[in-house]
Amino acid sequence: MADLQAILDDIHAELAPRLGEGKVADYIPQLAHIDPKKFGMSLITVDGAVHKVGDCDEPFSIQSISKVFTLTMALGKHGETTWNRVGREPSGSAFNSIVQLENEGGKPRNPFINAGAIAVSDLVLAGHTPREAIGEIVRFVRYLADDETIVIDPAVAKSEEATGFRNAALANFMRAFGKLTHPVEHVLGVYFHHCALAMTCTQLAHAGLFLAAGGSNPLTGHSVVSSQRARRINALMLTCGHYDGSGEFAYRVGLPGKSGVGGGILAVAPGKAAVTVWSPGLNHNGNSLLGSLALEMFAARTGWSVFGSA
Amino acid sequence: MADLQAILDDIHAELAPRLGEGKVADYIPQLAHIDPKKFGMSLITVDGAVHKVGDCDEPFSIQSISKVFTLTMALGKHGETTWNRVGREPSGSAFNSIVQLENEGGKPRNPFINAGAIAVSDLVLAGHTPREAIGEIVRFVRYLADDETIVIDPAVAKSEEATGFRNAALANFMRAFGKLTHPVEHVLGVYFHHCALAMTCTQLAHAGLFLAAGGSNPLTGHSVVSSQRARRINALMLTCGHYDGSGEFAYRVGLPGKSGVGGGILAVAPGKAAVTVWSPGLNHNGNSLLGSLALEMFAARTGWSVFGSA
Amino acid sequence: MADLQAILDDIHAELAPRLGEGKVADYIPQLAHIDPKKFGMSLITVDGAVHKVGDCDEPFSIQSISKVFTLTMALGKHGETTWNRVGREPSGSAFNSIVQLENEGGKPRNPFINAGAIAVSDLVLAGHTPREAIGEIVRFVRYLADDETIVIDPAVAKSEEATGFRNAALANFMRAFGKLTHPVEHVLGVYFHHCALAMTCTQLAHAGLFLAAGGSNPLTGHSVVSSQRARRINALMLTCGHYDGSGEFAYRVGLPGKSGVGGGILAVAPGKAAVTVWSPGLNHNGNSLLGSLALEMFAARTGWSVFGSA
Amino acid sequence: MADLQAILDDIHAELAPRLGEGKVADYIPQLAHIDPKKFGMSLITVDGAVHKVGDCDEPFSIQSISKVFTLTMALGKHGETTWNRVGREPSGSAFNSIVQLENEGGKPRNPFINAGAIAVSDLVLAGHTPREAIGEIVRFVRYLADDETIVIDPAVAKSEEATGFRNAALANFMRAFGKLTHPVEHVLGVYFHHCALAMTCTQLAHAGLFLAAGGSNPLTGHSVVSSQRARRINALMLTCGHYDGSGEFAYRVGLPGKSGVGGGILAVAPGKAAVTVWSPGLNHNGNSLLGSLALEMFAARTGWSVFGSA
């Protein structure tokens, strides 16, 4: 096996001159004020080896990456009936498009676009109060990462709530189609809070490791989902994890991954490792520009790809 | 390794009572008159082992599966500039939708929807006459399958041409945006002819084997593409190979695949094998109903999935 | 001039056997419980002659007809700058479509689709509280109709508010594009209340008479708008007043008109009269089925059409 | 009545400094090479008075204005069944949009967008050869204008045919939905030829006079259509005659009108006159920029508006 630490170090060194590229999300001050030159990567193998570089232990707003965890929870609560409420197809449009909802009766195309994740928040609520549901999400992520220090950034959640008119539009629209069962404000409360989870690259790699390891976290021995479900979540990440740049990520990187507007990406090399990257500047699809590039370099150098070996 | 022949036999036996399900394509008589109970599977491993069952050696119209081969040719002729003419993202709409073209300046989303494959036909023409380009495609597929008997069914090509108004609309629309460089009739001629290739499951598995084996056909030793390009074609098949059912196929089967309206599917298990199936009845997305199911059963029983082991 | 009373009587008699046709709006109980066989017409000429028939003096929920009055107010407050916030083109889609908003930067196509009327409510607010704005609207409509008994039905307003998720989606969506200047709840409060105005056919004909009479109400002498503005509001009613059935209404009736989901229609014969009809059953475009037919019969028999004489 | 000649003269004088504004259609050389400073107006009253100014007797390519005449012919041949093939609603999108066709089963929204006019050409063919149908159209327009010198510009027709890929896309798309009954090339041949009619402002005003005069041409005594049909064609012109600028034209001018990309507009003042204008520079909706303005000035000064008097 390649020297994984050396690969991470090389990527970091090669990208150093480019740090700051891309456009940092600026729709809330908490994201707008992030230093655009931050860059971190962490990698945890299914054997438990940990490699990391740069700002890998600094928490950032994981944003949409949290959708992987809430989807996992919804599947745990509702099983395959989850798919009555949200589809499994790439959307072919922007992360926050409402057009598709109108054309398809209020059913979001997949759980990783905003509308789909809002539907998943409704499923996670499952009759509980927003506070209870949010608490449950935090506990679940702490359990996945085996780290009790993980918290939601309340300022981020509050800012999202104050400016999230488009998400409110999506939620109200789905509610109009009878596709949400809880009050719109409750659902949005859950959604805005789980997107405000703050995690480090290393915590995130820990939390995503179960997807690389057949459904169980090999470090803790925690069984999270069946191996079939792990594969299926990976499939969803590959086809839908990068909004309207999912095809591009599959083409260039060749690993299941989920990005967040905070600049983070969680990638999964099945049977091998979870790899995370953080670089705040985004490309035109809303995915981390250098983060995507770093993972492309990583995949090329390790030869890791779900689509064949190098 | 599982007993692959036994798995194929079991799938055949289990599906026998359901043969005839789905809706056979009826837009041209040559497809409409196919016996809906036909069913065949072929599998060729990268080690050269061949397993097969049912009507696996009866030629059928491979239709859109041919788009994998013309894309491979276009990449060979034009390299990455191919992507100036066609995108790499799932379309989020039906195989023959024209809406996306209008919204995105006449550039098709990917090479596997009809518009994208028509753009690829234009690239394959590359200044030649339609007759020359069609001849080149046939020679290429024969080379891939190592089988000089493969031919285009002229009656199918002629019927497609006589009824292909929607494809003519797509081609004229792209031409209006300056996205085709050859006369519309030439491009359509190439397109209709390569879709009319008639192949057996076994021939098709042979022809697709290079995608499972890092770009070279291990049976013939022919080098077709680099391992990187093979992985990338696989990525495109996974994200876009089943039209608006691509996410579903990735979720259920977990292997790159390309379907055709004739009821065939070519699936690729990287590093392991090429697997093909033929069953004419289609589901609502235009993909083989029992063919998809057969591959889902196959993936479950072999544990083959690009998204992790069972 | 034809005997207008006889024409109304004849129309009433001819339609009597069909009363109850169409589908009564059922999204709130206050509308769902209306007797579908209600039918009334009122006509007031610019000379002050009043003709009426049937349930012409029973109040009903005027719903979207109120949009004519709020637009008139917005134009009074903001003049032509109103059109920076809302367009003047037919929408080519359903009354509550959100697709157009996404494609056109959150600017509604015209003031008579829901999104456009919500934008107009924002303009009517003009820094005031919802209560003040609603009060001002009621006073304006009373002034137009010269009738202090006109009120908003609070049960209707409350029901609209409790179920108006789609309108909430539209408002939040526009707010996300920066197209609303007041809090979403305030804007929706104004919108839901003015739609809940209860008026009789006769009151409505009074209130709309200024549009037939060059901007002034000949009965009261009240000057409402300039003759140019009256013509322009009529033009908007003709091109956009019946949602995606506006072309049909222009074709069949040939008069500017505005319909409401409560089954009312206000039509304007410039220089001649205001004509109103109420019949709760709706056609597939959400316009009164028999009301449209009654006006078609009326136009044919009077020979009144803006497009030429009989 | 105002001094109509003086009004035309004044408009001409006031617009003189602005001649050349707007963007001349450049998709075929025959239009691109027109002098952008051309400007003419003609007016013929129902009493037979003729007023004109500027380049009013120079032939120009009437383009889409011809759609009024072919619609009139189709209605003559097929009556109200015409509407089984084409709708009567504003499109809410560009003149050559194909999106609407896909969403609405290949039925164009109205006879004045390109797709709708192509459907009308199919109806005009009615089993004849393109040559016969084109001949019939020319004879009909000559009859309307009482002028045997009117011809089709063959160079324009040929250029349209050579570059009309988008129209070919529309025609093939409709054919795919079974909405055309003649061969696509025949239909397009008719369409491209009638759009290539060359007429002067004065000839055009003559030809459109029947629409102002209840269906008959008062100069010749020729009866063309019933008064009801004349009103209905006017209604269609008002709601759909200026593509996605129809609402704007109704708002500003207040008369039924039909524009062509050659810079001409035919407007109808029911009961009063037909008015035509020609100025080649177009606005962003593809309608004559100064032509629209000239008609707005004309309507303001005459007080002619279907929506009320000044």
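In this document, chain identifiers A, B, C and D correspond to the written order of the chains, with residue numbering beginning at 1 in each.
Just so it is clear, contacts are C-beta pairs under 8 Å (C-beta built on N, C-alpha and C of every residue); 3 or more make two chains touch, one makes a residue touch a chain.
The model shown is predicted, which means the values in this text are computed figures rather than measured ones.
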For this session: Identify the chains in contact with chain A as well as chain D, in label order.
Result: B, C
Seminar exercise, completed: Taking shared numbers over all numbers used, above half giving same and below half different, the chain C and chain D interface sides are same
Problem set entry | Rotational angle, Cα trace of chain A fitted to chain B, multiple of 5° | 180
Problem set entry | Most distant chain from chain D by Cα centroid | A
Seminar exercise, completed: Here the gap between chain C and chain D, centre to centre from mean Cα coordinates and rounded to Å, is 32
Exercise. Quick one: chain B and chain C, Cα centre-to-centre, how many Å?
Worked result: 55
Problem set entry | chain B and chain D, separation of their C-alpha mean positions in angstrom | 47
For this session: Among the residues of chain A, pick out those that touch two or more other chains and give their numbers.
Result: none
Problem set entry | Every chain pair in contact, whichever chains are involved | A-B, A-C, B-D, C-D
For this session: Under the touch definition given earlier, write down the residues of chain B that touch chain A in their complex.
Result: 87-93, 100, 109-110, 211-212, 214, 227-228, 230-232, 234-236, 238-240, 244-248, 250-251, 254, 256, 270-271, 305-310
Exercise. What residues on chain A touch chain C, complex-wise?
Worked result: 97-99, 101-103, 165-166, 168-173, 175-176, 184
